[in-house]
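Would you mind keeping the following structure in view while I ask a few things?
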């Protein structure tokens, strides 16, 4: 694995490295960690990389790695830069024949996402988007339960992702905050692009249906910001279900309060990222069930994505590692016809990339519209997507 | 105290009787419990009332009680009928000089509520609306905290009230359900009039600001119902805060899941009716506080509304009893210049009645509008309200 | 109902009055509220009692009330004094033919309890002991579940009751604390007599088996106290189960943290008084069940002891009121062959009184013994108890 | 790093590999994974090890690795076998100059532990014992808080570790269960050696004082087992505090329910492994604090042991990885005078090994004694320990 971005002070790059390392199946062999070549070099060396594989930029990295013998080059790249570099780095990786594991949001715009989808199509490469929360075992359990009809017909989906880390104007001077609030680096949105898109993805991922219309109240709570830091969105789903999505970075004191409720006409489920090993199942006349990761019977997709079978708490890094393991499994199974032995999660891929960018743009546009309902239009990119 | 409604099988009437009895300050002395005079008679007797004070209807009750010497007549009436009788019974009570404690929603329409406000104004009577949740000690604590500036400037209010008891079409055959889903008995709304209005009231009660605009997605999830059973409302508040209100009777498996989050620019609070003795206070850099009713220092309005100082759980009936105690305190203090010794909660009164009816009508109307934002217009009724 | 004790500043007396009033079936008609006759008089009047039924002491009260016509006298007495008066007041009540509802611990010693049992036997009166926690609906659910074999064979019982209100030497100056720490008023124990006995009672009440041996570490954490404020007891039960009981008044910051775990060889249950409406049921291979009061199917003994069928929180006063309702039901059914329509809880009675006193004495004695295991000897009082 | 044990089907070996890999600072380079050389070979190859470093047994591994140039040999060994091999493998490792990271319990007996302490003393090697739970950030926070006097004087310690995985006789046929219940492989205890020793270690680790006396009720709940599966222990600490330790493997339905309460005369703390990112701090008159890993201000020892600063849940593997990181830091700082940059946790070492084995033996012996209190005698091994 090679890495683009994730240099000194970058929070998410370190998480990716931990997650990739966890299972002993992925080795970080090269990187272009920083816009500053010196910093990239020294940072790579601090990670015990070979000096000559600490590259000054990703273009050089792709070119140089591609020259190496197949058995000695990096097999895929993970892109953990600020948003504005995702598209170019991913496209270039595809051109050099490298698989791509990319941070969300996939690109800066739906247009870029569609272009990226075409670049992927033209290559023979895999692509996965870091919708980390799909990697949690109990999200897998939830998804399987819904797919098996365990909730009946889905009638309502409520998803929330509230944080407090941008609640104060003082917060925005950090490295993490400054680029996320800069339209040139983040795109049309801060809150929706950073966390709203996770929530929308999770809602669709678990419910098995898609958002077709939305009504959006998105805005900026803390003065003097160029991008949104808070938003609430009313949702309509393809299957007729209603819903709501709450995303905020100004709920002061909140951690990563991602919470999903899917309500069917037979049963309902609830899940919260703050206690990710628990899935609640409610029904009309029976006791509420608390299903726990690692206890009793969970589906193979949940059980296969746990490392501590006896009921020890697993967390965010493990969820991330499940995506990496799934990605490795994808690459191997396509290249060597190996079978996935871990019931890897269904990975968000290029379709999720396009859907996510369209959602972000649609929510921001709808927020400026006087019309209540606007379609969540998702272009199909000339046949790339169904 | 006399009671209108609350006969055999009426859930809320029994709660009112428990709550009124709890402190030994209120005696049920008469009632018109049922539309059926025989049933009213026998039910009243089962409650140990004098036979001749079990009345066939409320008109008779008011007339007869008014004839009794002042020291022997009922001092106020509590109205716990289905919605469509609230207005007439309350107005008639005022005309006979009886104070009124009434179930919500106050009337069938804003127009009726305004008329009722005038009737109250013309009398010398007190009026309280059973927004029960305002009676919880930790809601008092929350309200005082906000009023004292403990959260800073309020920027967001999220309030939810989700239930599951109407999740199935089978559920609507019960006595409770059938009238609530009947426009002739319930008015323009089921879900919003039954629980949405509680949520809106609580949001304003604690935040200290008022809802000025709304955008509403309200509808019917279970087929073949004439009134709404689910709705989500985007909110704008007078002070500039944003918000969301979720109300539903089809979240299968949910109890009375009323939950309030008020977010300021300094701190935020969370409260849930399922654990009403806890108030959470979150901030940017300090540990989250769990304030508990009866433990440590809470404000006099919270402490004064508890009966178990040492930290035993109190519940819904106690909250209800706090409203009754507050109402008695109001009546006494106006008649005899007595001082309230219990820090009785600020009671929702005739203004809350009008605001509540306007909210219900506005949400239903907004739900049918293509326009995104509609004003939460609240008529002032010729000077009755500020 | 008449009341002995419970005057100004007495916390538990007020709770008893609330609980007795809740259902409108019990009227407080007289009392001897204080050792000071003037105080008793004025306090009774503040409760709206007739002046001539505010008595200077309980002996006078029993004598005077007994002279009244049967239909106009108090029907039972509730005793809420400090411990040292329980025995004499109860015995005298029996002699005058009054039923007794008494605070725990029943007496100052096992010897007194046995004498009381004989006095009760010689009368035609009912006796109930205020083991309040048995009145919670979900304790009824738990008890029925165990009795029906729902846990399999019981192998372990862990019960805890930890409070923090005596954690500091400053705490002991309050009225509540001073008599509880005074051997002349409280007896041989503070912590075990005040809360340990509740825990022991609950363990036996739910598990359906009895404590036959114990090993006790009981002592005083805060210096200069004459009685225990903390203790841990190892338990052996008649059916072979093991167990532990933790009681403390010095767990600083704890409320009334009463928690019960009963473990069977098939399933286990957990209950906590801090969230009394929830009963957890765990098993080997199934999801953990969260049974909630008022939701779905609970047993008649649980459902019949709730007042808010739709899932609103109930609390301590309601649990207390369930005992009162059960006591009234007992009295009525014996006198008038009425049927209990509320599935009243099985009330702790005179046998629980004797068992409780024996447990307290045994724990204190065992604490001073070098021998590990001592029998939890419970004298049978000449045939009164089986 | 080399590994002894942890072959196919061994749960804890995999956890160690994940934990060691997480930070990219430790590479597994060799192993003797199984008593069966063929299995060891193929298993090592499945982990991508060089064929010639998959050894048939640990003796060979130590001998062969020691022959390699210093820069190419394993630097430390991790021992994850069943208990009966810990001692010999660790001692032999010391003799060959390899640092040792070992699963608990350290050995089969106190005598072995003392011998091991001498072997370590005679070498120049580091030793760490896998008391995983000490690696949790909030345990570090708790320990620092106590050390800084934040609770006042410690007066009570209650620690519980209850599991349900051996609740049924059917459970004991698994690989994990069979050796733990076999005295030849596990030693004198199952439950106390497997989890009781963790609880005892944690109690001492956080409270900063040591267990000096104990009274033990330890036994076998499920018939036909040779070793204990349940036990409760009364504790006395050096500083005068009292305590209790509950350990069980037959609390059916329990996961790894490790819970610690430390009560001081000023404040108290609570922590539960099921929600390891939360530390509760209770006091007499203030709101209860919920300190969360990654939110607000925690001590450097807590903050430095987290990888997700923004408040994502971390779990068991991360706690384990903190121990590995601390061990690497120890090794490096002694060899190269590097400074620990992560505020590595204070690692349980050879003293904890001896204390743990003594505790296990003392609890089992005390369980058979008629005497209530027995000293928790810990031999000092001729000066090795203070």
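Chains here go by letter, A, B, C and D, matching the order in which they are written, and residues are numbered from 1 within each.
Heads up, the rule we're going with is that contacts are C-beta pairs under 8 Å (C-beta built on N, C-alpha and C of every residue); 3 or more make two chains touch, one makes a residue touch a chain.
Here the structure is a predicted model, which is why all the values come from computation and not from measurement.
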> Most remote chain relative to chain C, going by C-alpha centroids?
Replying inline: A
> Between chain C and chain D, what's the gap in Å when you average each chain's C-alpha atoms?
Replying inline: 43
> What is the distance, in whole Å, between the centres of chain B and chain D, each centre taken as the mean of its C-alpha atoms?
Replying inline: 55
> In whole angstrom, how far does the Cα centroid of chain B sit from the Cα centroid of chain C?
Replying inline: 35
>> Can you pull out the residues of chain B that are in contact with at least two other chains?
In response: 253, 281, 283-284, 288, 292, 295
>> Which category does the touching pattern between chains fall into here: line, ring, star, complete, or other?
In response: complete
> Across the complex, what residues on chain A touch chain B?
Replying inline: 155-156, 158, 164, 167-168, 215, 217, 219, 221-222, 230, 232, 234, 242, 244, 246, 248, 250-254, 261, 263-268, 281-284, 288, 369-373
> Hey, which residues of chain B end up touching chain C in the complex?
Replying inline: 11, 14-15, 17-18, 21-24, 28, 47-48, 163, 165, 253, 255-256, 273-276, 292, 294-295, 307-318
>> With touch defined as at the start, can you tell me which chain A residues reach chain C in the complex?
In response: 281, 283-292, 295-297
